[in-house]
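Same chain, two partners: chain A is paired with chain B first, then with chain C.
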Partner chain A sequence: MDLYLHLIAQGLAIGVLTGILYVLIALGLTLIYGILHIVNFAHGEIYMLGAMGVFYVYVVLKWPFAATLVVILVLSLLLGLVVERAFFRSLRGQWLQLVVASVGLSLIIQSLGWIAFGIQEKNVPSFFTGIVSFGGVRLPTERLIAAGVGAVLVVLLYLLVYRTKVGLAMRAIEEDEETARMLGINADRVAALACAVGFALAALAGAFVAPIYSLNPGMGGEAILMSFLIIIVGGLGSITGTVLAGLLVGVVQSVGAVLLGAEAAYGLVFVMMIVVLVVRPAGLLGRA
Partner chain B sequence: MRRPLLAVTVLLALLVLSAGAPELAYAQKSFKVGAIVPVSGPAAAFGLGCQRGLELAAEDVGVFTVAGEKYKLEVVTYDTVYAPDKTVAAINRAVYNDNVKYGVIIGAGVHPPILPIIRETGFLDFAFAAAGKQITNPENPTAFRIMASSDQLYQTYAVAIAEKLGGKRIAFLGPNDELGKNDAKAIKAEVEKLKAKGVSFVGDEYYERGARDFGPALLRLIAQKPDIIDTDGSPTGSIALIAKQARELGYTGYFVNSTAVLEAKAISDIAGKAGDNIIALRIWANPPTKLYTELAERHQKKWGEAAPGTLWETYGAARWLVDTIVKAGTFDTKKVAEALANSSYPNHPFGPASWGGEKTYGIKRQIVIPIPAAILKNGKWEPFDVKSGKFE
Partner chain C sequence: MKRGLLGLLIAALVALPPLGEPYVLHVAIVVLIHVVYAEALYVIMRMGYLSFGHAGYIALGGYASALLATKLAISPWLGFLAGGLVAGLFAWALGAVTLKLRGIYFSLSVFAFAEVVNAVFRAFEFFGGPAGIAAVPRPSLFGTRLNTHLQFYYVVLAVALVSLFFLYRLQWTRFGFTLLALRTPATETLAESIGINAARYKTFAFIASCFFCGVMGAVHVHYLRFVSPFVFTFFLSTDLMVYVMVGGLGSYWGPLLGTVLLTGLGEQLFAAGYYKSFVYALVLLVVILALPGGLISLPRLFRRGGRDERTLPTAAEASAARER
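For the complex of A and B:
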């Protein structure tokens, strides 16, 4: 294969895999915004806690990985319920107060993280090592697996929101909370569930991304910027939009870097965001 | 009967305490040194290392006398989050609110906006920053760089490393900030010196600090078939991911890391065998002094983890500063700066230290200390025997 074409093909492959990782991280954020209309700035820190959870339970305590996932899932669901009850419920509908509350929560968790987890980078050994090669395009197995998990979580979330009674209730609240309450839907309970599932998605994303990246308590802050970008480009609250935007951002960043250099590609992603928002102010699949 | 007795006892205790308290409070004054460093955010590890270095120095300095008065070193921390605007706010608070005149400030990127404040107030800045002339020049006589500068590292080692490895094609991947841009220029200038020997600079790429995906940038560089990729001051987490992702893309050459201080275990944990053949400057494969070993052990005992790389130079600088102030008999920063520039210090954790850089920067404000080189093999640093050039 011509070197240039090979580079683009490799860039495209890296972009798709990276894009799926972005989607994985942004899914919980889009769910919480979609149902509760809360811009959860603490999402990155929950992602960090999920990753750290894998480090401490799987690496330090040497529990089996499946048990580790169960622990992370249960704890993150509980944390979501607690945060919804303690912070989000009383502030629902007050956009600015919610932003301040979630920023505060994010700072508290991150600061406690530096104290509790220390300053040295941590690492989770790869569950799957090796490279898969397709026509000279090299793909790390661990990323392929994480991408697969990401795809499964997208499908599960889609089924939850669009194919279950709970999902129907979630969408009803999103549409018009007052009417939903009049129809007998326990909005508080459904909102708490949405928040818990959003937290669990963030923590699971952290758990599956942990072997790919190195971990420190600041990693959530880095992830949140890209997650926001993706849910804005995709259309706030749209699961399909998040998937599309995640892939688009990953590919633009990666192929852009091959063609123009990494520095220019970083800017290119933001140019793309501006263009999308000018053409479709509500995002790719968002509702105006 | 019991109650009056209790009351008398409490009264007596209060009297004793109130009589003793002023004596204790005025036994020594506080000499405040600012740790104007990131202690939160992605660069917190650097800042906490400096803060801890100062705290260990404060413990070791104890009480010292200046012009007949007793003082104790007090560390005051100002979180900069490694952001220029927050650093400006931090130094303003330190100087104008808390009357702090000395401090360690981290980051080449945060220095440009604070240099006018340093010049105006005479704040004595121990700059824990790479890069070069932007900080160290005759206009900033109270700014002392306490770590090796980029110019120093590249001038002394770039050519020597390329020659030792037989590398002909050299690429650069660094952060897209002041440091990365400056260091790319520095390495290009050094590679130029080897042009006649067939060595060439084949490409430079930059990443956003905190990035975790380097694949796209690496792809472009690896296509140029480099033998050596210089990763500038990429910190431990970044270079480990760079090495891991570069090997995944088929790169088999060497990495050189100039200005960061890397942790072997962390790199090895993250990158595994992919971390082999990272050559790092400022890393001691074997402890250079007894003090170095002692500090490492104390840090491990006190904070329960390996000492971060920014600890040593901060500790050394703080001890050197107090020594100089005691000898100079004043806290006047301009007088202390003069005395400091003309002094040397044999007890630095890295070995004998002095100030140099007059030829390169026009002023002696660059620390000159032994600079080691090490190569990572099987998760451990091994001495990398390369003869360094001279820095003036």
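For the complex of A and C:
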């Protein structure tokens, strides 16, 4: 029995740490959904590219870790700007085409990934080794640091959206785009920025999980699945909702995996989503 | 004229196959199966909803029939029906919850559902685990097992023609017209104001769509003689969406054209999966950006001298407004 409790405590802790990384990916989706009203299916592939970036720049080219992060950050921001300009802007307002285009983009990046990176799983050595122990709950330092950096990024995003002028413009567009445009907000530029920041969040999340998982071009699939479940549970477009739901999903999945096994834990998270949809259709903190 | 052409086509589909090589028959079977999937998906897309998880319902149908045949030795003919019913039942359950909400909730939930279905099939030994179910028998007719390509081709053709006819006729019923009215939020409100229960109509449409996917999924599995969690994946769901979008949302013949062209030619040209998926996605993006009406809008485009002036909005255009 004691062992059982201990396992649950361990699962809880791992769940929170995983949850923060989920939050990072899902926040990018939330941001893009809030401004552009699209659910970006290519998000998982950006996450994959971030992880692959660490492998190729840090492991193969042997650049320092900080430089690797800067490269990934700059490239993902640029990619966000390009994708917004090339696809999302010309399709604005056409919901169906936008979502389908993002699916097309996701397929293109993933299939190119398989062709370019090969099917061989890639492993990145840990940036930090060691285990930290809190009253019997043991956590790898690496995960703690990844979650810590993730938490800092979440706070930075909060500050960007709620404390800066650009953030104000974002929220204005989300609330009423037409009025925002009339008040002189350059909605196209704000949308491009939101897209770039969203991509960067996904790529950085990918970079931090690189040493934790084996990497392959299909790894975005699981990330995008969890992110979708999270943004539905949290409420589409709600940043606080996404953070709450991300942690919740992380914990449910991780404790569920301890008690029922990994595959059944997916089912558990899905059941949670259905319960939320029935009880609170707009999500925990979403507006109907 | 149109009717005559259609008759000729069906006559050719019935009469020509005995002349074909097994490989040609294989391609014909694959194309027919996918045409039904795509037309079933079109029922949903025509009312402005996207499904990223139809593969999940196809898998449900396939697994249901495979389990019945291998564990209980129930005839595949009944299995086909059971596959459709199981898929329809799950569609009802998810549709009842999500189709009351905005379209995106539906799309994401269906996507998640399909992933979870595959995860469950992988997890439990009862469903065969990651290896799936092998030795799924072919159906028999008058004491003969339909083991050759030619024999099974006629099974597929029969199921496909019945399904396609039903899905075609569905458009021109009161039910089909009502679905069309639900395409935009404005007309949906209008429809509801005269007492139409929009959520119920949408749920029924989703059930019908998944029923035919389930039936064809069962046929598909009995054709392959095995099923595993890796047969009906997210890539099938997106392929189907590509067929419909490339063919065009404007008419019933769009998805059919898209499927025949892309599966018929695609299977031959790109044996390697990743190249195929790359080319499909590229074609998809080009069509979305340059030819929003899909291939089916090409003749009309030429007739009008370059500019497409439809009087009725296409489903795609109409659904554009849905999310706002």
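Convention: the second predicted complex is superposed on the first by the 279 of 288 C-alpha atoms of A that agree within 3 Å, B and C clash if a C-alpha of one lies under 4 Å from a C-alpha of the other, contacts with A are read in each partner's own complex, and residues count from 1 in each chain.
Here is the rule we use: contacts are C-beta pairs under 8 Å (C-beta built on N, C-alpha and C of every residue); 3 or more make two chains touch, one makes a residue touch a chain.
All of these numbers come straight from a predicted model, not from anything done at the bench.
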What does the overlay on chain A give for chain B and chain C, a clash or a fit? clash
Applying the document's definition of touch, where does A:Glu121 land relative to chain B and chain C: first, second, both, or neither? first
Is A:His37 in contact with chain B, with chain C, with both, or with neither (first, second, both, neither)? second
Check the residue A:Leu91 against both partner chains and state whether it touches chain B (first), chain C (second), both, or neither. second
Touching A:Ile274, do we find chain B (first), chain C (second), both, or neither? second
First (chain B), second (chain C), both or neither touched by A:Leu236: second
Mind working out whether A:Ser111 is in touch with chain B, chain C, both or neither, as first, second, both or neither? both
Who does A:Pro64 touch here: chain B (first), chain C (second), both, or neither? neither
Answer with first, second, both or neither: which of chain B and chain C does A:Val103 touch in the superposed model? second
Kindly classify A:Gly221 by the partners it touches after superposition: chain B alone (first), chain C alone (second), both, or neither? both
Clashing chain B stretch [against chain C; choices 9-17, 81-89 or 351-359]: 81-89
Could you tell me which stretches of chain A are touched by chain B in one complex and by chain C in the other? 107, 110-111, 114, 221, 261-263, 266
Over in the complex, which chain B residues touch chain A? Could you list them? 39-42, 44-45, 48-49, 176, 205-208, 210-217, 219-220, 223, 236-237, 240-241, 248-250, 263, 266, 269-270, 272, 303-306, 308
So in the complex, which bits of chain C are touching chain A? 45, 48, 50, 52, 94, 97-98, 100-101, 103-105, 107-109, 111-113, 115-116, 119-120, 122-123, 234-235, 238, 241-242, 245, 274-275, 277-278, 280-282, 284-285, 288-289, 292, 316-317, 319-324
Provide the residue numbers of chain A that touch chain C in the complex, in ascending order. 37, 39, 41, 87, 90-91, 93-97, 99-101, 103-105, 107-108, 110-112, 114-115, 221, 225, 228-229, 231-232, 236, 261-264, 266-267, 270, 273-274, 277-278, 281
Enumerate the contact residues on chain A facing chain B in the complex. 3, 7, 10-11, 14-15, 18, 107, 110-111, 114, 118-123, 125-126, 129, 131, 138, 140, 213-214, 216-219, 221-222, 253-258, 261-263, 265-266
